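Notes for the one structure printed next.
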């Protein structure tokens, strides 16, 4: 998962870009960076490991005189490396004209080997995204825009892209629509782009509409927009349903749906499927990811919700993981139980999803050690049984507990020492999504991969 | 506010101390440090600015061979400077014997000038706590313990102290009992001390009992405990009631009361006082400080609670405050509103307390800009009208909105653009505390200062 | 100026490479880096700003399991940027085979625009050296070696190169032989390459011979060497004579000549040209650059030499230049005069060369302020009147004092307040070099540019 | 060894102090620091580990508005710890008046236990210098100056001190005059103090005279000076003769003697004692410490001097020592031999002194490996046979080679593989010093300790 942001036509574009990235920090915190064209028409890149607040402090971004900028938060995905984005540079065309371009990418490409063989080129990183950057000079077309259109027509896989060049800012979303990309503007008619709507708040702008799957939107430095479409446009979208469950913020909207009410719907639907089947005293959510769905869940199922688990405010990933002999201590340093709430109680522990199950197993142990009479794990999503190859950082299939236990809820409960384990059904998820037509990818839940059908990436790294 | 921790008799004492400090990080994150006596009988101090995870990484603390250690988290208080604690060093007695001592302090001393004039001594810092450290060699008594007892008999003000010396670990709590201090042990009979009970979880120990107000508990290296009392023992305790409201964690207990249920009681009591007096659709807590009380409040008052404000997960104090032209942007970078939840709604915005009101005013503006029809601010504590001189970092009286607006709720509401403002009454607070006898200090709410009656510190810095 | 180093066939190759770079630190300290292929056959690059001791500490290099490594010290030259080398990466050939390559470069390329237009390619940096790296996949040939030979046949300008690939280590020196490159070995038959011979001492190896101008030497992982030649081999070499004067270390040999005796010869020749023409009491060298030539000079001319100028042992470039309102203070912080030695004396101030004259002018002022009766500046090199375009970082022509003053020694002396200024003649320099045939480039002294005759670089950056 | 600097009455006093410290960096680079009183009359201390350029950058010192400052470079001595100086703080006198004081110390105190027992006081560091700071409030007298005079009358050992207080700047030098301290001024009548004269150049001031042994010089903020003397004034001074040999810079003067000509005299005297006794071809000095004496030595003895050893310009102590399996590699990374100069030659290797002999032994090996026919080590100082207890960092007696080999030059030569070893005689040293009366301490050469006669420090740390 990654977050991308772009802006053109606004003073202090790098500062606004950094704020957009800050709002999207939940989509990736391995590295981040920006690329901008300054008042002297020079393209520069600034990126580094770590969080936005550290890599892109205000002192840095405020000092740049630029009206066009793009940026990215990186979450390292399957088969990709830690190369910070954006990729930026320049090339000479056959007439000796120099072009400057930068690009950011959210998603994951397939079929890279074909492209790498077709066009002779040196690659400095192991990132699949570098291919997009590196192959641009090889493309047909006089203008950068023509070259971009040629290039994206050759790409396969999941890609929400933003390009910055001397011609302007160009947004591209793949024909499947795997990853989100939204279009916005500010009061003076500037164009903004972002992975999620709420980035616009901190960027001083407003949501306009989603970039359509298969759409290319180019905005010139003068603010004129032109629109293009990829030829392989799909009848049936396969937007990532897992974005709704795990990554998107509740103060946001995604694929046209507001995050908060989506989470409420997940909670309500889970309650409906479970009602009357569990004997429990209290709902305890895993904070903060399951809190909102759990409020709705508890209300629907008719139980009180209490914060029986607390997340440490100052949780430091370094302090937690460094030098720990086992993962249990790490979880104990991150979460605390509230004995008052759990002692002698039959608890529903609610979480958004269950992937490897490591953390859940430890939380259940902590709750039982703390006096809980029973712990029933309720997940607001279906069984995760397949790895994502479109940009979500799921582990290998062998590490997925639902796959290992063959989706047998009793075996899963036994494995993690829960008194029961209940998942939302795929049908329930569809209902919660108010899905009227085929529009989502459920590959991680049912193995139905829209492209690269076997679920294997070749030449990814 | 500060947090203190001590341990004696346990292998890897510095590591366990750092974990205790980590659990108490909410009590202060300006600086932190530890002092220990190692296997070669040498006392050392390690401290620095910043959070526990940065100043005291596991690599550092694990490498120390020591069975006795103390530590402190510092929150800079009124009139004190940023000198990290512990203070540690050595002195020669009149017989030429060398003694090593370290000390940590939570609280605030009064009447320092008298002590500083009485005993000639050089002070390297502006910390009131240095006086405790520096005057020990001047005291009567052969042993360190005798000198400690002489010293604390001369101190005035708020002090929960831990001393470490070659004689052992010594806990002291002032006769008023302003600040908490609890005693614990581990399985092999080791002694532990901490500001709050939940530090013991991460230290691998168990809560035994509170250190009494005016009590001195000394534990030798062999684990034998001896008990002493200050002579000016008080009939009437004046424990800080604000600790319950603001600082203590819900997964904890404080002054003998569990934090979670205390917060619930505050919410319930506020609901009872307010029931029928406000026409609202939904309760929106300021996360995370007001969430738990708000769950109980909403249930009691019969309204749904929704998370209409979100706190940014990656909130960086540096990114937020640095280079900001106004405080509004800082709050906007920390909190986001959820339009779904608030649009067209009459909202009860619930918070634990109202001090300066800066943040609340901005949150109310954000909610109204986001479409809230009405915003009623409900506080789970009484009006804060006086500065604390016993170790809580309240601003000067002139900055307190309740003082400036003469406790007039309508004026306060007008000032912050709320549709109404409601405080918990002092009586309601007493009820929530289930107070049966005089045991709390309410000076910041009613100006009734137990010592230094005029509420002025002289010679504090 | 830059320094390059390479090694193949030796355990701990990265550690030995870092030591070679350390020995060549005088050739550039803006940045440095290494590239290596490890035991798992993975190529990696590690580089950064600053000195070898900081960027490549022993902890880092010792931890790498690799038997082949190359490295570079960068001194930013005219028209180039601060991009640290090596450049390293991988490419897919038309058959889908993946190749890994890294390269380091000492020199400066000409005619870049032609290459950049001919081959479509993206460039991430402004370094002329990146072209060498980036164009390799575009070249004819099945093997890396074939591609390297194709590539270097297209290059113009000054280039001493080392390539590392899965096929081995490949050295290339341009047909003019502008920059040095030497071949060495260690006891077990390993191959080493370096800009200067003395790098081999710290690398645990021995000097074998120079890489010939226009020669390509490839060493396989098994240690087998093969030899090739560029077709445009020159009758007449144009090795940089300025290397002898300024950059090479006295404990070294360069273009087949030992550095110490070369410096002695420069001093002796200058003395011969000057004998009987100056009335002076003492020779004072600018340390450390002119000390060795001055010992010989003083002996030949029959005057005592004394260290009337001292260089500050702890000279910090940062402390000196940061925040200085004028350059005079910077020089005063770097050099001290010894009043004892200079008071009332007629001094010959001896230096290796005079470029801008800024430092010399300040030193002369310091000497005169300190009581010197006369100061005669003697340079052990001819007038520097033209900018180098082959890799020496000379300033623009307009900044060169010899050009500005039209090589008039009296005007130069007047400009810097010396009592006289004397240069070594170009003939004297030829004699000192014991030059029997055309083998050196004197372009910076006489404007006779071997290639790019107008002395202009096009498309350098 | 340490360097101290003080200034009063000059704008930007902290910047000038940092420059003085920079000029004295050779006297200590373990840590450094400054203390100053700013325009708001607040005393502050800034200190840290490392060199002046790193700890006290211009940005920092320029930003301080202060007209009085002192500073210190620390070289850790026998029995002292790494506590950076200055020590600074404040105290309350019996009338409640607050005084601010800071102090820096060059030297080493004896008889500390007596003082520490006499006055009850806590010590935070293991530095002997802290005692001077800490005991001031305990002294008799109304003013700081009176207290300083009381205090220094009680001190024993070697001490050159500078105090800064609201009363002014006070210099103190012990009655033996072990360590240097000089008085200077700037044009507007400001007072400056420093360990060595050449600090004044960078501080923009001029040398006036030495502070006499046993003298106290106080300069008020208005620039008025008053003079006092210690009562235990000595007939016979015991200034440290080793300062002349090892620490003082040649561009300086020390104890009234210019450094350059002193070094020349050492070289000449050594040549006179040795003339006709050694058959050698060339003198090779260990740079840079022995270069100047060697120029005079070579001239006197009638041999050429050549730089057969070079010191690495970028020598990094970290790179050299870190991770080295033996000390030989460290020396090889610091020094290079010049084969041209030494091959087949009989060499006199000249150095200032021989303490442990580790480095010399390795240099001799390098020279012989490089082809030297013979290596005769000549030292410009007598045998070092005793540890210094007055502030020079000599190792324990057992580590001194002259002690271990019982001053037998043949055994010493054998131990280090030299063909011969020759020391300057103590008589020769006296002659070189042009000593007319008893004025130097030779304790490290003859065991004649002026105070603490047994050469043992008690209670030093």
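Letters are used for the chains, namely A, B, C and D, taken in the order the chains are written, and counting of residues starts over at 1 for each.
Here, a contact is a pair of C-beta atoms (placed from the backbone, for glycine too) under 8 Å apart; a residue touches a chain by one contact, two chains touch by 3 or more.
Fair warning: this is a prediction, and the values are worked out from it, not measured in the lab.
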### Message
Starting from the defined contact criterion, work out which chains touch subunit B and subunit C both, please.
### Response
A, D
### Contact distance in steps, from subunit A to subunit D
2
### Message
As a test of understanding: of all chains, whose mean C-alpha position lies farthest from that of subunit B?
### Response
C
### Query
With chain centres defined as C-alpha means, what is the inter-centre distance between subunit C and subunit D in Å?
38
### Message
Report the inter-centroid distance (CA atoms only) between subunit B and subunit D in whole Å.
### Response
49
### Task
Would you please name all pairs of chains that touch?
A-B, A-C, B-D, C-D
### Query
Which residues of subunit C touch subunit A in their complex?
87-96, 101, 113, 116-117, 120-125, 133-134, 136-138
#### Entry: Complex contact set, residues of subunit C against subunit D
19, 22-23, 25-26, 29, 51-54, 57-59, 62, 198, 201-202, 249-251, 258, 260-261, 288, 291-292, 295, 299, 304-307, 310, 312-314, 316, 318-320, 322-324, 332-333, 336-341
